[in-house]
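Got some structures for you, see below.
Two complexes come next, and they have one chain in common, chain A, joined by chain B in the first and chain C in the second.
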Partner chain A sequence: MDEILKRYNDRSYLIEAIHDILDKKDEKGLGDEEIRKIAKHFKTSVAEVLGVLTFYSMFPVKLKVKHTIRVCVSPACYIKGSRELVEFLKSYLGCDENNVSRDGLFLVEEVECLGLCDIAPAVMIDNKIFGNLDKEKLKTVIEENR
Partner chain B sequence: MNVEVKVDGVSYTAERGANLLEFLRSIGKDIPSLCYRPKISETGSCRLCLVKVNGRVVTSCTQRMTEPLEVITEDEEISFLRRGVFELLVHDLDADCNNCPIDGLCELQDLSRKLGVPLKKGKRYRSIDATSPVLQYDPNKCVKCGRCVKACYEVQGKGVLSFINRGKEERVSAGLGSWEMSECDGCGECVQICPTGALLEKSVIKNEKVLPFERYRTTCIYCGVGCQIEVWVKDDKILKVEGADDVPNRGSLCVKGRFGLDGVLKPDRLKHPLIKEDDVFREVSWEEALDLVAQKLLEIRNEYGADAICGLSSAKCTNEENYVFQKFIRATVGTNNVDHCARLCHASTVAGLMMSFGSGAMTNSIDELEYTDVILVTGSNTTEAHPVISTFIKRAVIKNGAKLIVVDPRRIDLTRFATLHLQPRNGTDVAWLNGIMNVILREGLENKEFIRERTEGFEEFRAVIEEYTPEKVEKITGIKKELIVEAARLFAKAKNASIVYAMGITQHTTGTDNVLSIANLAMLTGNVGKLYSGVNPLRGQNNVQGAGDVGALPNVFPGYQRVDNESVRKKFEEAWGVELSGKPGLTVVEMINAILDGKVKALFVMGENPALSDPNLKHVREALESVDFLVVQDIYLSETAEYADVVLPACSFLEKEGTFTNTERRILKVNKIFEPLGESRPDWQIICDISTRMGYKMKYGSPCEIMDEIASVTHIYAGFNYDRVDEKLQWPIWSKEHEGTKFLHKDSFTRGKGRFMPVDYIDPAELPDDEYPLILSTGRILYHYHTGTISRRSDYLTEYINEPFVEIHPDDASVCGVKTNDLVRVTTRRGSIVLKALVCDVVLKGTVFIPFHFREAAANLLTNDVLDPIAKIPEFKVASAKCRVEKA
Partner chain C sequence: MKIIVESSLSSPVILSFSKEDTLTAYVSNGGFETLERFLKGGKRIEILNEILKSGLRGRGGAAFKTGIKWNAVANAKSDKKFVVCNADEGEPGTFKDRWILENRPFLIIEAMTLCAYATGASRGYIYIRGEYKNAIEVMKNAISQAYNESFLGQKIMDSDFSFDLEIRRGAGSYVCGEETALLESIEGKRAQPRFKPPFPVEKGLWGCPTVVNNVETFANVISILKNGADWFRQFGTQDSPGTKLFPVSGRVKEPCLIEANLGVTLGRLVEEAGGVDDDFQCALVGGAAGNFLYKDELNYPLSYETLKEKGKVLGSGAILVLNKNDRREEVVKNILEFFINESCGKCTPCREGYPVLLEKFKGYLNGSISKDEVLRLSNLMFKTSLCALGQSSKFLLESYFGVVL
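Moving on, here comes the complex of A and B:
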């Protein structure tokens, strides 16, 4: 992490730095200490780093889950029924108010266009892409990726 | 330069480049807005202030009038757009006004009425953050105007707040998500600027409805800044405190002023006079108490002489009360044995700057700091001790690109904003100051014209400075020589530069030397006597400046006129109609010693707490124990009052009228808000009654009359009276027509020419050795004030911190085997206390720091009561100590 930060000194590279740091890690998001370190390096506040992290849905949030399921809810997927997929996922996984599954393994997120309109409705589980889904297919995909 | 602006068909001239929204409001146009506030930068995001400029719809808050404009402030299209924008803003809001405490005071309600868009109760699906001790954030009522986020960063320089998430989940978040765990220190700038009920004080939430209430203006008591506050009162209780948009604080406050005033009105306030009999206090009538005090003081004076009586006046009390008190000691008792706690904070400033310049106060005004190019802060943890002044310094850096040099052994908060941080070993200030001046002279960066025209004693001074090469200074101070050179260049090359200092400079046996060196540096670079440049000692207590101004000092009458000057004394003898002593009296620490020597038999303490605030407490407490007659006049039964023979209940600043003089010499009004609690009375009335009983009649109808008398004998207050109180003048005020003095020493110094005083470095009185290897330093923290008599009674401040701690460097901690939260015993040659350890690299290796607010582990049991030979200020900042883990 220190190596990566060394490469970027200007506050305007905050997003690039976060990308690089996350690329080097398994997708677990950034911990409080790491956020503090980044903020200190860029001479900005931790709140601002958190603001940037939470603004972009492709940055994983801090919740300690194993997998993040991103369901696209932009128009193409929406028309093809992504709303129902979200509701199904939440009830199937028993999600709490933070959209974390009962077993703590999954986080369900609604995101804007994934650029996968050709295979709508589409979902990303971590870095893997799944398209042309319905409830049954989604269930299988989830179980395979548990 | 002006510019032509046509508004709704009418022509106006406006200042070129000025903000259009402000201008439209100034000509009476009622333009709605939400995200805009004059205090913060404009965003143009709420889009309510839309107007048409040359036919184009723009946000007026972001429009600058750089060329002639034609403005339409309202037409059908604009109204339609504004309404539409507002509907979207409030659409996802839970505007449950019926159940909101600030119903009727809400900016959003006003806008809703103005725009004809009703507010509706909505869904509450976002969680409230109520983790802060002082405030609560309800995102369901938040319109995301961003004012709080900007206020936190741009006004307070903190940047604790930010928006997180996006879309309907967007909310304001502190730090990493919770207010409690964030760096938020509770200044409440965000609450005051919030247009809705999203951010509310916890004290407000307790009420169903805030309306109806009353609002009173007064001056805060928590430090020398003199913030103007508006106290909201409901049912005889403080509802909340707001910063008044006025000099000196411009609406800003710190956590103490905004949330800590509840500590003034707690039920254990003294309500009746007390007399101690057989070690137990008995409630008595005022008659009995006053008679006893007068009779005892007379007896002691008759038997031992007037000099056997001492008085401690109070930097917490008003100018009028301090004047009355010193007059009581001088005219009624007949001695100059009157002093107050300025002796413990800025005695060396008064002594030093008197010698160099001829007057010992901040040369500039607080608001000038924001526009200074280079600020040198030394020995002042400004963020914690003078929080509102620190915002001016931070804004100078953030907004105006100023360079900040911090010279402090501790890595204080301001170092985050500093270009350079020099960490000298404690007590080596003369050395690094001389080192900087050595570099300036060697490189020819001094202001030769200023030195020639305005100063004297330069050659002698130069000879001393030549010896302090950066190499030598590095050896003494531990500051790298490169840093000294860099700091010298930065300071000397500045267009204007200001030096800000406080107790880290003054509380040394070399305190006066330190101050003289600072004055030398300012004169050498010509940075004094002009706008934005000067020497600025920050005074610690709310009226420590005023108490000295009106003569609560043993060597001077009001206006710093020396008691040993025949003609001055004649003047006062005439004014007061009594013979006066020409012998300078005893200072604070000397009084304690004189008691133990048996020379002083009676001590009268008004609103001070030497049993916690003075150095070497064991010694002080022995004196308080042994003095024949001790009178303590206070609002609570303080640590000192417990030793008293008679306790007189005074009322607090909320219950009386008067004036305070703040650190920038500004005279500020204190107004009565509540009736006195119980039988308590204003300090000046009590003193007058005792004086009259002792045979010297003192009678004033009101503090206004006392001020008139002060003005008549104090040249620097000569032009002041209560009719001019709203002008908030800064002394010297020479006449009724004079407009006060923004900065001192403009064309000539008070003493004529500024005087260079050659100063050599001397070691602190105590240096670390094998037995006591650490250097102990003491000071304040943000959440508490002085001996904590008021702040530690506050429900809110105590939630932040309510126990003593010692800061210790990780390297030293590992040597002693100490971890954070371990109980450790800190010992010096004078005493020993046990308290929790906080292992952190804020302190330098080899040093420990203890705040002095806590009676249960009083730092002053440890401090050294050795004095500066000139100013008689004790060395609070350096004592050698040892530290070991205490097994519980």
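Moving on, here comes the complex of A and C:
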């Protein structure tokens, strides 16, 4: 984390720095100590950093999971059955009320348009894209990306 | 992604069937010749005049004349000026900018550099939505290749002109597509839109004059400067010159990206995408900020002015086709939920309005609320919201109910 912060001095790089820190972590999410450190580095307040973290939906808040599954639920995917995919995922992975899977590996997120409408319904698992899905295909994809 | 050039178009302006993601490929196709021509003797005013004469309109959705923006920034007095490319493509149904970023990154770099040269800017940012991991990688590579060969950086191609360009990633916020919210995000803050005026051309990044253009807008610049405004005006219509990228998805046999003249009909685009899967019901044009077009509008020309005459909008050009089995009201509910999720919370009409609007719409569906009451609220939000996000439901709902107030 120190290495990453060293690259960014200007306050405007806060979002870039958070991206890089999260990309490098095995478990997604930032702890209190890390948030304090970031705030200090950019000479701003913890409230500012928390404000930015909570504003942007790609930044998880304190949820420790290995993979994030982003299911697009915007119109193009929606009319091709993405809600059913969400329901299937939640039951298949045994998600709790925070949408974290029973084994703690996955976070299931319903997200807005991913710009993958040509291959709807589509999901992103971390940085990878999967399209033209149905329940069976999704199941295979999940098992391959565990 | 499948790409199609609409059959009445002899050759595409933006789409290209060969990948141009290396500098060598771009230069061998005549890339950076235009930049070189202007840096070695061309006048800034020629660039500004040509873009103005071309009548190019912003392709992000608002369709503002690009030449007017560029001239305003060029004429502004400031030590620092900026050029920003809005690549925060988040409008549901829209995937055109992704194609450009992934396939023709240098076209954007050259266009932004020329824009900076013409307006007197010294620094540029490409703001790409965080979800577009691949586009970010391709663009990052392209920028570093351009730096290595002196197409970016200090004294570009041995001229006196210097320009620095960097990528800033978004992080999952639709409102960042709004230009002032995007500027806030580049500054590293929560992306809440600013009051306008002042517009970014007067006070943009860090309060300095800033050009903000969509990816597709920049993608037209080089061919205009290469071939002239008159050449560009052979495409499209009088008030909407040029070609347009139309991302077509939903109930068509082959979802794809189509380049066509502005003024093309919806019916043509649907045909090019392999026709409708089952019977055509309607199309959502322009995404969540857009509106429905129906069967009787299949032969109506799609351009900024023709749709405006009907009280409708073209927006980003996204076409989402619904067949007779799709439930239009479910799509409307889905979009209202989308706006609830994406509202930044800064202004009351949008933050408080959308949840109530959704309830009222559900009330309309079960018969307890009149359509006038639903439209009254969306009209109020249109008049009082700070940015386009809070204003967008007006077009959607009026087209749903089939009325223009």
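Note that in this section the second predicted complex is superposed on the first by the 128 of 146 C-alpha atoms of A that agree within 3 Å, B and C clash if a C-alpha of one lies under 4 Å from a C-alpha of the other, contacts with A are read in each partner's own complex, and residues count from 1 in each chain.
The criterion applied here is as follows: a residue touches a chain if its C-beta (ideal position, glycine included) is under 8 Å from a C-beta of that chain, and two chains touch if they have at least 3 such contacts.
Fair warning: this is a prediction, and the values are worked out from it, not measured in the lab.
J.: Quick check on the superposed pair: does A:I35 touch chain B, chain C, both, or neither? Answer first, second, both or neither.
T.: first
J.: Looking at chain A, does chain C or chain B touch more of its residues?
T.: C
J.: In the superposed arrangement, does A:N145 touch chain B (first), chain C (second), both or neither?
T.: A:N145 contacts neither chain B nor chain C.
J.: Figure out whether A:G51 sits in contact with chain B (first) or chain C (second), or with both, or with neither.
T.: A:G51: touches chain B and chain C.
J.: Applying the document's definition of touch, where does A:Y78 land relative to chain B and chain C: first, second, both, or neither?
T.: In the superposition, A:Y78 touches chain C alone.
J.: Of the partners chain B and chain C, which touch A:I15 in the superposed model: first, second, both, neither?
T.: Once the two structures are laid over each other on A, A:I15 reaches chain C alone.
J.: Now for A:C113: first (chain B), second (chain C), both, or neither, which partner does it touch?
T.: second
J.: From the superposed pair, tell me which chain A residues show up as contacts to chain B and also as contacts to chain C.
T.: In chain A, positions 51, 55, 57 sit in both the chain B and chain C interfaces.
J.: Once bound in the complex, which stretches of chain C touch chain A?
T.: For chain C paired with chain A, touching residues are 1-2, 89-95, 97-98, 129-134, 168-174, 185-191, 247, 249-251, 255-257, 284, 287-288, 318, 320, 322, 326, 330-331, 334-335, 338, 341-342, 344.
J.: For chain B, which residues count as touching chain A in their complex?
T.: 153, 158-166, 173-177, 182-183
J.: In their shared complex, at which residues does chain A touch chain C?
T.: Interface residues on the chain A side: 10-16, 18-19, 42, 51-52, 55-59, 70, 73-76, 78-80, 111-120, 124, 127, 129.
J.: Quick one: which bits of chain A touch chain B in the complex? Just the residue numbers, please.
T.: Those in contact with chain B are residues 32, 35-36, 44-48, 50-51, 53-55, 57.
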